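Read from first to last, the chains carry the letters A, B, C, D, E and F; within each, the first residue is number 1.
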Amino acid sequence: MTPGSTPAACAALLRRDLTLVWRRRGDAFNPLLFALIVVALFPLALGPEPEQLRRIAAGIVFVALLLAGLLALDTLFRSDYEDGSLEQLVLSPHPLSLLLACKIGVHWLTTALPLIVLAPLLGELLHLPGEVRGVLVVALLLATPLLSLIGAVCVALTVGMHRSGMLLALLVLPLYVPILIFGAGACNAAQAGLPSLAPLLWLAAALVLALVLAPLACAAALRISIS
Amino acid sequence: MPVFDETHARPALLEARALAFARNDEPIFGPLDFTLSAGEVVLMEGDNGAGKTTLLRVLSGLLAPTSGEIRLHGEPLTLARLSPQVVLLSHQGGLKLELTALENLRFAAGLVGQRKGMSPPSALTAVGLDGYGDVPVRQLSAGQKKRVALARVLLAPVALWLLDEPYANLDRSGIELVNRLLERHAHDGGAALITSHGAYAYTSGAPRRIALHDAQRAAMTLPTGAMA
Amino acid sequence: MNILLLWFHKLGSPPTFYRLAGLLLPWCYGIGLVLGLVALYGGLVLAPRDYQQGDAYRIIFVHVPTAWMSLFAYAFMAANAFIALVWHIKLSEILAIASAPIGAAFTLIALVTGALWGKPMWGTWWTWDARLTSELVLLFLYLGVIGLNAAIEDRRQAARAAGFLALVGIVNLPIVHFSVNWWNTLHQGSTVRLMGPSKIDAAMVWPLLLMALATHIWFFGSVLMRARIALLQLEGGKDWVRRVALDEGAGND
Amino acid sequence: MTEFIAMGGYAFYVWTSVAVFFGVLAAEALAPLAQRRRVLSEIRGRLQRRAARAQPPRGEAP
Amino acid sequence: MTPGSTPAACAALLRRDLTLVWRRRGDAFNPLLFALIVVALFPLALGPEPEQLRRIAAGIVFVALLLAGLLALDTLFRSDYEDGSLEQLVLSPHPLSLLLACKIGVHWLTTALPLIVLAPLLGELLHLPGEVRGVLVVALLLATPLLSLIGAVCVALTVGMHRSGMLLALLVLPLYVPILIFGAGACNAAQAGLPSLAPLLWLAAALVLALVLAPLACAAALRISIS
Amino acid sequence: MPVFDETHARPALLEARALAFARNDEPIFGPLDFTLSAGEVVLMEGDNGAGKTTLLRVLSGLLAPTSGEIRLHGEPLTLARLSPQVVLLSHQGGLKLELTALENLRFAAGLVGQRKGMSPPSALTAVGLDGYGDVPVRQLSAGQKKRVALARVLLAPVALWLLDEPYANLDRSGIELVNRLLERHAHDGGAALITSHGAYAYTSGAPRRIALHDAQRAAMTLPTGAMA
């Protein structure tokens, strides 16, 4: 790892991004609180009958986490673009897709993983049956990296824009639909006592594909939108 | 239009041939020909919107030129060949405000390596920020931030510096600092292309100058005596 | 690909394309309109009543061709976007973006007419079955492409970014088409076949196919129209655009 | 004729579908006309502004 | 309305803000599409059974509109702050609260009103019973101005900050809870065949109060956060 | 520390007495005393971070001073009394990029009224932007945007101009324009307080100057000869 080698560059990037997250560790709780509040809105809006809540619990947790992840996406490249360090990544002598993969990894680790840890609690708030909890966590573990990877491509496309928040949501959400169907589908199947392996396998396959393709697509998109 | 500049026997460090860039079909800068050899500092002057920043971004490979070509050591440029050889100082500076000056420089060194005999602390000393290494960049003033960005340039192990308005935000001692850094870099065999627009004081010796005036934009400047 | 490249190269010169498109345009709109009216006459008047669905089935003559077009337009857009991104051909960028609004229009019609058909047949305007959902997602993808293109200032950069998004979204096309086979849904499976025997009456088939032809021709008319405008915008500083602007300015306003 | 209009009781659905078909396509076809006029007048405006100003000489590299 | 008089200032501000919305009229559809997509997420996550959807339709429409309104809030003062015209409003010789009330009005008109028009369609997608539709629209007509007014105060507090998106959500959502309870409560009551007037009257009372107080609070908050 | 300046018989337009401002208990600028009378243009100089912008924001009433007081026509300042009498040109300019130059000026006129004998088009002419009235501000270059912002200042029916770096982003003809506008305003009985930091060329006659140096910040400037 001599300075300037590719592993050193990735290590420097990881260290920097983790330090930045640590420096503003207060912000790290925002997605958690957001998800919590969104989940809390539903009993208020729908009325508190446990039977009804139980039936829709998994789906609502999934949607809440997806929306929280969506709002968090905005921070992925935004500050790097604004302060010009994204330019430096593009101009660095290392494969851009690899550097971006590091960034996406840190982002997933610091925004999505805490949400997954929170998920069982959110389920509990909505009286989610205990036996579904395991499937929910597994589905989220497969689905959230996919969300981050696909989201990153869309963020890369919109990074140079003002007020991209809404637009980003419009670009990203249609692409999230299949993930939501499979992820929530697995939970619903488990809740109905049906086998839930098939949709999880589909998610896993998609994740493998995205792990390979998304960083490349992300790099290409970034090159387009930075010019 | 392209006038090839064949006076140099050995290939120049950087060479632009009939280089032009347009956005939405509006020319930003016209066809330009120039060379930049080792040991040379070239100052690019031009009014607002003349396209100085854009030219630097084209030369650094961030933007693709609309027409013409750029040659590096005599061979056509690709981003892969270019990036280990050039450092760009842009308006934003590329500093993370939450990190300290030293952390910023260490990251830069990790990303692109560091010049022989230089280290993040010594680069910071060289720009006169001794003792500010552990201060978060957010707490530095605009001029001090500029100095940290200059330290990053100084640290990069590359021969070609592309500096966009290195004098902006700096007070007089900062301007002298930039001139000293440039002289030293040229003396060590590097080359630099720097921009500055008319209103900034530039006090260095007598570097070669390129004036950038786009016809269309020049037409938009104020006719003197327009005051009612 | 070589022939295609050559073709693009010949037509790719903006003034040539602009002139040629201007010549083709009225014919596309005219023929599309006439064929469409004939097909509608065939479908609404000449075709016999369906023994199961009664006259409600006649919605097929607007629903199915537009639904097909919603897929075709996306495929056309994505193909052009691919060419544009790989070979940096300006004309393909323009064609890709030009097909987005008309594709969105067809998708919207397919959705609305489908809903209008669903109420009498299924008893509900809308259900969340796979085909309906994926068609709705298709509309969102079109709108995303249009929105992204509009949000970026630099025209070429906008076209490339939007084209990139179109390519990413192409995964949705097979889902729309095959959803009826992959999941059992309320929606009808394939009934019309070009190869082999169709499952429905010939008097119903010809207006349907004629309408499909008409919508294709109309689609190309619209794409040419929008591509011409995009060319004017993109080449705003060139001499030929200047001439066009001054000529047509004298005539129009 | 009235029987034709009635569409066997499905008049609302069939005729609304046809109306939507024509309505949306007509709107889609008319939208570019306005856009075209806007683009052309924009280009003309730019030309006029440019023509109104003298063209000073173009600077060049040494 | 001589130039410089207070009515002239309000008129100039209204004209300017409406012109700005018109110039980027494409953006005006974003909240609509966002609400549509969010509503679409729920059947995908919960499964398509009409019976179940019907029961939770009103609540989901309410939550979706609330989230869309929340994302749209960000644009209320953001660009005015960034380009410095907010400073000019503060420094103008007219009552700041009046000027801000104009801005909030335009914002409501251009973001919330279209959402209300869309609401019946969203309800239809979730098989909302027809007789609830009227109550839903009335509840939204009372609730959305309240949301805009309360939201504006929070936006004014966060306007000077970077990356305020999430933070804003966290400030605003707890304040929205009572509105959600009354608004969705009215719809649920109507759906259950109970009288729904009482919660609507509460909303109306709150709206009157907010119309008077929120602009003043907003002006005070803005003065704090701009300094 | 406060030294009251009692030489003027009639009250000055603007008067600062022992004015100081601190952020988080760090002094931004020290106790200052000065007056600004009608017909006077005062240039405030200072390095980066010396507090020039902050002082203007305090004087305009956007920030409340930490200690000391500001008097307007000899009476203590309140925002309500102040705002009809002052116009502030700040870094951002306060222009809407989607609106045209004229629309921006019309809005400004609607908000604060307009100077007698001036109208949005004539203000635009006065800053040399004749013919750019219908161009969206987004399409103007940085220097042209600055000119539109200056037109807004020119249009406002107020005597006191607070201009933050009016020379920044302008080319030489723009700098001359600003000087002409200032002279004319002073001649008409107005007053102006303008900032500019060392590096900008300032070519006007000989306005009164105030130098802003905060002790704490002055300590942070570069020791000359720090280059390694």
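In the analysis below, a residue touches a chain if its C-beta (ideal position, glycine included) is under 8 Å from a C-beta of that chain, and two chains touch if they have at least 3 such contacts.
Values in this document were obtained by computation on a predicted structure and should not be read as measured data.
Undergrad: Suppose chain centres are the mean of their C-alpha atoms. Which chain sits farthest from chain F?
TA: Comparing chain centres, C lies farthest from chain F.
Undergrad: With chain centres defined as mean CA positions, report which chain is farthest from chain E.
TA: When every chain centre is compared against chain E, the largest gap points to B.
Undergrad: With contacts defined as at the top, give the pair, A-B or A-C, that has more of them.
TA: A-B
Undergrad: Quick check: how many Å separate the C-alpha centres of chain A and chain E?
TA: Going by mean C-alpha positions, chain A sits 27 Å from chain E.
Undergrad: Any idea how many Å lie between the Cα centroids of chain A and chain D?
TA: 39
Undergrad: Need the CA-centroid distance for the pair chain A / chain F, whole Å please.
TA: It comes to 47 Å between the two C-alpha centres.
Undergrad: Report the inter-centroid distance (CA atoms only) between chain C and chain D in whole Å.
TA: 16
Undergrad: Note the residues in chain F that touch 2 or more other chains, in rising order.
TA: Within chain F, the residues that touch at least two other chains are 132.
Undergrad: Would you give the residues of chain E that are in contact with at least 2 other chains, written as numbers and ranges?
TA: Each of 30, 33, 37, 40, 44, 79 in chain E touches at least two other chains.
Undergrad: Could you say which residues in chain D touch two or more other chains, in rising order?
TA: Residues 53 of chain D each touch two or more of the other chains.
Undergrad: Which of the residues in chain E end up touching chain A in this complex?
TA: 27, 30-31, 33-34, 37-38, 40-42, 44-47, 52, 55-56, 58-60, 62-63, 66-67, 71-72, 74-75, 78-79, 162-163, 165-167, 169-170, 173-174, 177, 180-181, 184, 188
Undergrad: Can you name the residues of chain E that touch chain F in the complex?
TA: 2-5, 8-9, 11-13, 15-16, 19-20, 23-24, 79, 82-85, 87-94, 226-227
Undergrad: Spell out the part of chain A that touches chain C in their complex, as residue ranges.
TA: On the chain A side, the touching residues are 153-154, 157-158, 160-161, 164, 167, 170-171, 173-175, 177-178, 217, 220-221, 224-225, 227.
Undergrad: Report the residues of chain B in contact with chain A in the complex, numbered from low to high.
TA: Within the complex, chain B touches chain A at residues 60-64, 80, 83-84, 86-88, 90-99, 103, 106-114, 157.
Undergrad: Please name which positions on chain B make contact with chain C in the complex.
TA: It is residues 22-27 of chain B that touch chain C.
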